[in-house]
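After this come two complexes, each holding subunit A, first together with subunit B and then together with subunit C.
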Partner chain A sequence: MIRAVMVMNTQGKPRLVKFYDFQPPEKQQELIRSVYGVLSERADNVSNFVEADAIFGPGTQLVYKHFATLYFVFVFDSAENELAMLDLIQVFVETLDRCFKNVCELDIVFNFNKMHMLLDEIIFGGQVLETSSEQVLKAVEEISKFEKSSSAISLVPKSVSARFGR
Partner chain B sequence: MAGGSSSSTASTPSLVDSLFQRSLDDLIKSLRSQLAGTEPVLLSRALAEIRREIRSSDPDTKAIALQKLTYLSSLYGLDASWAAFHALELLPSSSLLHKRLAYLAASLSFHPSTTDVIPLSTHQLRKDLSPSSPPHFSSLALHLLSLSASPDLARHLAPDLLPLLSPRSSPPSPLRPKAAAVALRALSLCPDVVPLLFKPLVDCLSSPDPRVVSAAVGAFAELASSGDPSPYLHLAPEFYRVLADSRSNWILIKLLKIFARLAPLEPRLAARLVDPLCDLLRRSSAQSLVFECVRTVFSGLPDHDRAVRLAVDKVREFLASADDPNLRYLGLRALSMLGPPHSWAVEESREAVTRSLADPDPNIRREALRLIMGMVFDSNVFEISILLVNYALKSDPIFANDILDAVLTTCGRNVYELIVDFDWYVSLLGEMARNPHCTRGEEIERQLVDIGLRVRDARPELVRVARDLLIDPALLGNPFLCRILSAAAWVSGEYVEFSRKPLELVEALLQPRTSLLPPLVRAVYIQAVFKVIVFCFNTYIDQLEISQLSSLGNSTTGGASSVIESKSAAAASCIADGITGIESNDGIATGDKPASLFSSMENKDPFTYESLTKMLILIETAVDLLAENDEVEVQERARNVLGLIHMLREVPTWKTEEQGFIKDNRIGEIVNLLQSMFSEELGPVSVNAQKRVPVPEGLVLEENLANLAWTLAEDDTAPSMSISFSLRSHQHGETKDDAVSSVQSTSLLAEHRKRHGLYYLPAEKDETESNDYPRANDPLLPASQGDASEDLVRLTDQSMIPRKVKHSKPRPVVIKLDEGDAVLTSPLTAVKESKDDLLSGAIHDVLLGKEGKPSSSQKRYLDKSSQRRVKDVSDNGESISLSKENLDLGDKEHRSSGSRRSKHRSHGKERHRSPQKNEEKEEKNHRNSTRSSHHHERHKHRQRGEALLNVAPQAPVIQDFLL
Partner chain C sequence: MALSGMRGLSVFISDIRNCQNKEQERLRVDKELGNIRTRFKNEKGLTPYEKKKYVWKMLYIYMLGYDVDFGHMEAVSLISAPKYPEKQAAFLSFCGIWGSYHSRMSQSFGAVGYIVTSCLLNENYDFLRMAINTVRNDIIGRNETFQCLALTMVGNIGGREFAESLAPDVQKLLLLDERDLGVLTSVMSLFVALVSNNTEAYWNCLPKCVKILERLARNQDILQEYTYYGIPSPWLQVKTMRALQYFPTVEDPSTRRALFEVLQRILMGTDVVKNVNKNNASHAVLFEALALENMTRMLLVTDVQDIIKRHQAQIITSLKDPDISIRRRALDLLYGMCDVTNAKDIVEELLQLLPEL
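Let's turn to the complex of A and B:
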């Protein structure tokens, strides 16, 4: 399964973090730091795989891609295929690109929820469920539409109006 | 609960908080515009704000507060566990936005075993999962379950997954793939649910929707790769059908993962797989799929030459792809999956592999190194090791050490089974130590001492290598080498009889720069000096006696043999050697040490009265300084040496001329006494030796010493663990413990310094700073990498081919001890196994149609859980107690008799294969029967359980379709 997905910038600041086996927040930060420590030392023209046994336990690997100011990192174990994971990063980034129209780091910074929404459509509980960015976008749009319709009823929060009524 | 206790200062949220609440965007902006260093302040302010807002009764305010908290927790590592209840409060909201925020917060912060409010969510989850609620709601609930389900939650909600999973609900739920992923989670968490969820999951395999198939195949791949794959053999026909039908690379990859696990279990399946695999290998353009095929062939069907041949060709294509380091890396990885019978494959790609040693990518280099080391045989270990060690000189520090590591482990494997010529290997160790990047001192130290103990024939060369290391003043300043020097000092002290010039050795051991060494290594140095003195005097006296005897012209040869040990002959020849050695080596020896005060001495017979006196003076002046040393080990050794010197001085007659000597033999007695102290040879110690020592009666080893902690805490001076009392253990045991204890003691010291900083002097400056000697050998200027790799390729051309060479020398005896089956299964794996057992047992039952009655394993599980339910009422404590109990169980078994558990497991499985082996094991078990009856009973129980489970594999496993 996929153990974790991380997006961090080239300074090591995390932008999106999702662990599929629970890790407490402090531990997460520590893992992010160690991953960054490994990635920042790697040159540009080298392979995208890193054995991650020392960080995430035996049998784990890490695949990353470097786009502009961001590292996209997937951590996975022996039940996944290395090159397929590399393709999946590509799928994820393409989806982001289509969703935000030329995605940049700022989009990711300010769209915390949307990022999770997109990611959850692709990877679910550590399993890859969807690999077509078109399908992902469709699903996310549907959710947003439904969200608007369900919260349109209470545009003015009830409690606020109630308070004013008092 | 948690929210209330969080901060007493937070008043109830006011209207102002709701109206002027900062949104997540505001928070992000404020964090981004911060000045350097103010982040902690901003974060704590934001947290205080959130704590206030989150208790608002207004769902919007609460939702936004929760969102901010989730953001901070996820990206800034703030603790959010206190807000678990607030997330729960928001779950029932009818607004998807609020619900989504609540579920997101919950899925990121709920821990299956530590969040105690999880059971409270059961009802809401059930409601959201029900077919009547919008699919978006169900999707969120599934998401939470996939990440944070506890075993209990999984058990309770498994029935609610059914409508989502089942194909019979019309129209089939769009959430089926997600439900399949959750079912996987539930199955691995809680084997009880197998009867309920397994069938629907299998049904997913025949769905027309590729997404559903993909999810189901993914789930089975996960199950098969994380546990025992045998139960899934029954599904092989189903998987095979999907393999034939599916065109999706994702599904194919996952199927191959499953088949790679199943093929080794069933030869007929492997045979059937060859064709489709070869087909995929030839046709597919997706590298990921090709790589998966290669892996499946290599790990699953290594006996099918056609497939292996094809896969190896693909790997060669991977290796040849110049522009894609990923493919090169994976190609090397694939090669290393092939076992030794297929070493021809590595042989074929020899050039590419060797070239990879110079690749800019460290991964590729490491992988290539691993492959090359896999190709080492006793016939080529010589060439390859020399090559690599030389190559290490040119490569970057990290890789250089990787190389040294690889060479050390390969050569040291299984008590040096590959090494024939130990003289060569010992000098190679010396070379490795001189690598400027070397940080593997510990292992080199271990091997130097170990070879000294085990291989008698290697000792003369060992002493020579040790001498070369000791006399080089440049090595002393390198903190990574001090361990090696310590081994060298020990070796040259212990086997001083092979030393050509003991006096030179003494000088080396006492040179001024030894002050750079850590105290414990210094102690070894001084102890070595002690041995050298004893040896010199012994030889001197023997020499006198020999000359005396010969001058007496005695014909009775056995006469005075009480004094003349067998060693005297060796010593005599050694002296002769020494003299000739001095004559021939003179230039080199003195050239090494131009500043030597005593170089004049070397021109004479080392064992004259004069030279011995000089040696004593030299030792005395050098060691005298250490008699007041702060480090107890150094001080004690120094005083020993000084004591010996004083004792020797007090006997006036040792310096009399030959004739008078025999009259007062006191000196001889002293020296003989001391010599006998060192003459008994140290041998290697078996790993199991400690176990064989019977525990004395009345000694309780497992007594809890925790209550001693306060006694120690009161004592201000932390006990130094480095003091060893036994001389013998000091010799070689010490050096290892020391590094550990020095680390420990520095941390203790740091602790102490923190507490009593007042009494400490300001930190002294680092001693090693004063190291201004040039390094032994400067790192070579990086020669052009291309050249280096060309060299490598050329050189390895010959050497990688395993061939039989006639060894000019017979292999010396290497002392081995029965280090037999020291492999212990750790309790952790035992626990995992038992869980796997439950799961696979349950799946067997389902597949064989025994849904009605729970299997033995399941019953056991249920019994346990019901008992527990009585014990602790709170639902959530259960999962913790479950894991604890499991651990205990594993632990106890583990303790009671080593690897009995694992033996039995294999025993059960191998029953029909090797009756002979079984008998042996049975015997062993009988021997082990001292365990308590309690264990015995449980053991029997397990056997019964296994017997039950064994029914399955013995029955015809795969339907006729394979035949």
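Let's turn to the complex of A and C:
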């Protein structure tokens, strides 16, 4: 299963963090720091795969991709194929790119609620749920529609709706 | 640049970004937490929109590494909000922040039984029971969207009791005959877990898995959106082969022939190409096929060895790769592929390498 997904910038600031198994809050921060420690030491010409036993326990691995100012990191155990995980990062990023039209770090910072939505469509409870970015975008669009239609209703001033209610 | 759609949240994030150092950030976060706390205290004046906004802010603060130890009740009350955005914020924050409390609680419960020792636990237990009740209402309710939200939360938080009570229904639902590749991908993850637990019970699923693989390998009836850099859903291929690895043999001759043909196609058809992403995906499939081949021994072993030998020079170069994980893998591979024909070359290389270690 996929144990964690992290998006952080090259200074180690977390931009999106999701753990799929239980980690106490302090431990989460410690894990983020250790992962950053490993990544920041790695040169650009080395592979995307790191054995993560020391950080996440035996049999775990992390794979990452470095785009501009961001690291995308997936942590997983031996039940997953590591190249498939690398591909999944690509899908995630391509989906973000389509969603935000040329995604940059700022989009991710200011839309972290949308990031959660997107991620939840792709990975669910640590398992790969959907790999078609078209389907993911469709679902997110639907959610946004729901949000808009519901908030339009809530925009009606309270006094007005109260009067109609009577 | 698109914004979150919540002005207060965007302003808060900007403020945090403008902080010069950690101390300033802490001050800003403390101020915000204080503000949220007071606003939550006289809850009457809060609109659902404001509650949602605060809960999102709390999730953000939590991600930055600050402890958010309040707001449980507000989140619970948002779960029962009648509108989608509030509900969604509440569910997400539960998965993010309070989900971890839940797991911690169920762990403690496992250990100490019903003796609730700490006040915090007690308080949490009450709020959790409320949350569960509200979630249950959504699951059994008529609104499909809310059902989805509730199930997403339950799925992400997990919980052993929940899983145990649902397991029999889920097993009946195993949708291996489904055509939709998205559904198949998720089902296959579950299937791998089930098979790893008890292979015997799922013998009848084996031909179905092979059918799925056949369809993918022949690229029959695969929608463009499930083709990743020209390869029909590598994830599904990989997972299906992973599932097949749990079966010791394939007894039915026609199934065996079909699987043989698929593997042959993958093993012979994978080439190194320029596009990195395509390369990754095709090799993900290739390696999984090799693993399966290795376990079931259905192909002539020499075929595969010949393929590996074609890459011997490259593997030896990898022994000097700057990346330690690649060096290690190369060493493993060389060890595995070493036989009478290549022992001299390989051992020579290894001996040269020894003084450098």
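To be clear about the criterion, the second predicted complex is superposed on the first by the 155 of 166 C-alpha atoms of A that agree within 3 Å, B and C clash if a C-alpha of one lies under 4 Å from a C-alpha of the other, contacts with A are read in each partner's own complex, and residues count from 1 in each chain.
Keep this in mind: a residue touches a chain if its C-beta (ideal position, glycine included) is under 8 Å from a C-beta of that chain, and two chains touch if they have at least 3 such contacts.
Computed from a predicted structure; not experimentally measured.
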Putting subunit B and subunit C on the same copy of subunit A, do they fit or clash?
clash
First (subunit B), second (subunit C), both or neither touched by A:E134:
second
Is A:A79 in contact with subunit B, with subunit C, with both, or with neither (first, second, both, neither)?
both
Which of subunit B and subunit C A:R3 touches, first, second, both or neither
neither
On the A-aligned overlay, A:V91 touches which partner chain: subunit B = first, subunit C = second, or both, or neither?
second
Of the two partner chains, subunit B (first) and subunit C (second), which one does A:Q29 touch, if any: first, second, both, or neither?
both
Please work out whether A:F124 is in contact with subunit B alone, subunit C alone, both, or neither, and reply first, second, both or neither.
both
Overlap of subunit C and subunit B interfaces on subunit A (superposed complexes):
1, 14, 16-18, 20, 22, 24-25, 28-29, 43, 45-47, 49-51, 79, 81-84, 86-87, 109-110, 112-113, 116-117, 120, 124-125, 127-131, 143, 146-147, 150-151, 154
Within their complex, state which residues of subunit B touch subunit A.
15, 18-19, 24-25, 28, 32, 56-61, 67, 70-71, 73-81, 94-98, 100-101, 104, 108-112, 134, 136, 142-143, 146-148, 177-178, 181-182, 184-185, 211, 214-215, 218-219, 221-222, 225-226, 249-250, 253, 257, 286-288, 291-292, 325-326, 328-330, 360-364
Which residues, counting only subunit A, touch subunit B once they are in their complex?
1, 13-18, 20, 22, 24-26, 28-29, 42-43, 45-51, 78-79, 81-84, 86-87, 109-110, 112-113, 116-117, 120, 124-131, 142-143, 146-147, 150-151, 154, 157-160, 163
Would you mind writing out the residues of subunit A in touch with subunit C in their complex?
1, 14, 16-25, 28-29, 32, 43, 45-47, 49-51, 79, 81-84, 86-88, 90-91, 100, 104, 106-107, 109-114, 116-117, 120, 124-125, 127-135, 143, 146-147, 150-151, 153-154
Note which residues of subunit C are touching subunit A in the complex, please.
1-6, 9-10, 13, 17, 47-49, 56, 59-60, 62-65, 67, 83-85, 88-89, 92, 95-96, 100, 103-104, 107, 145, 152, 155-156, 158, 181-182, 185-186, 189-190, 192-193, 196, 223, 225-226, 228, 233-236, 238-239, 242, 277, 280-281, 283-284, 287-288, 321-323, 325-326
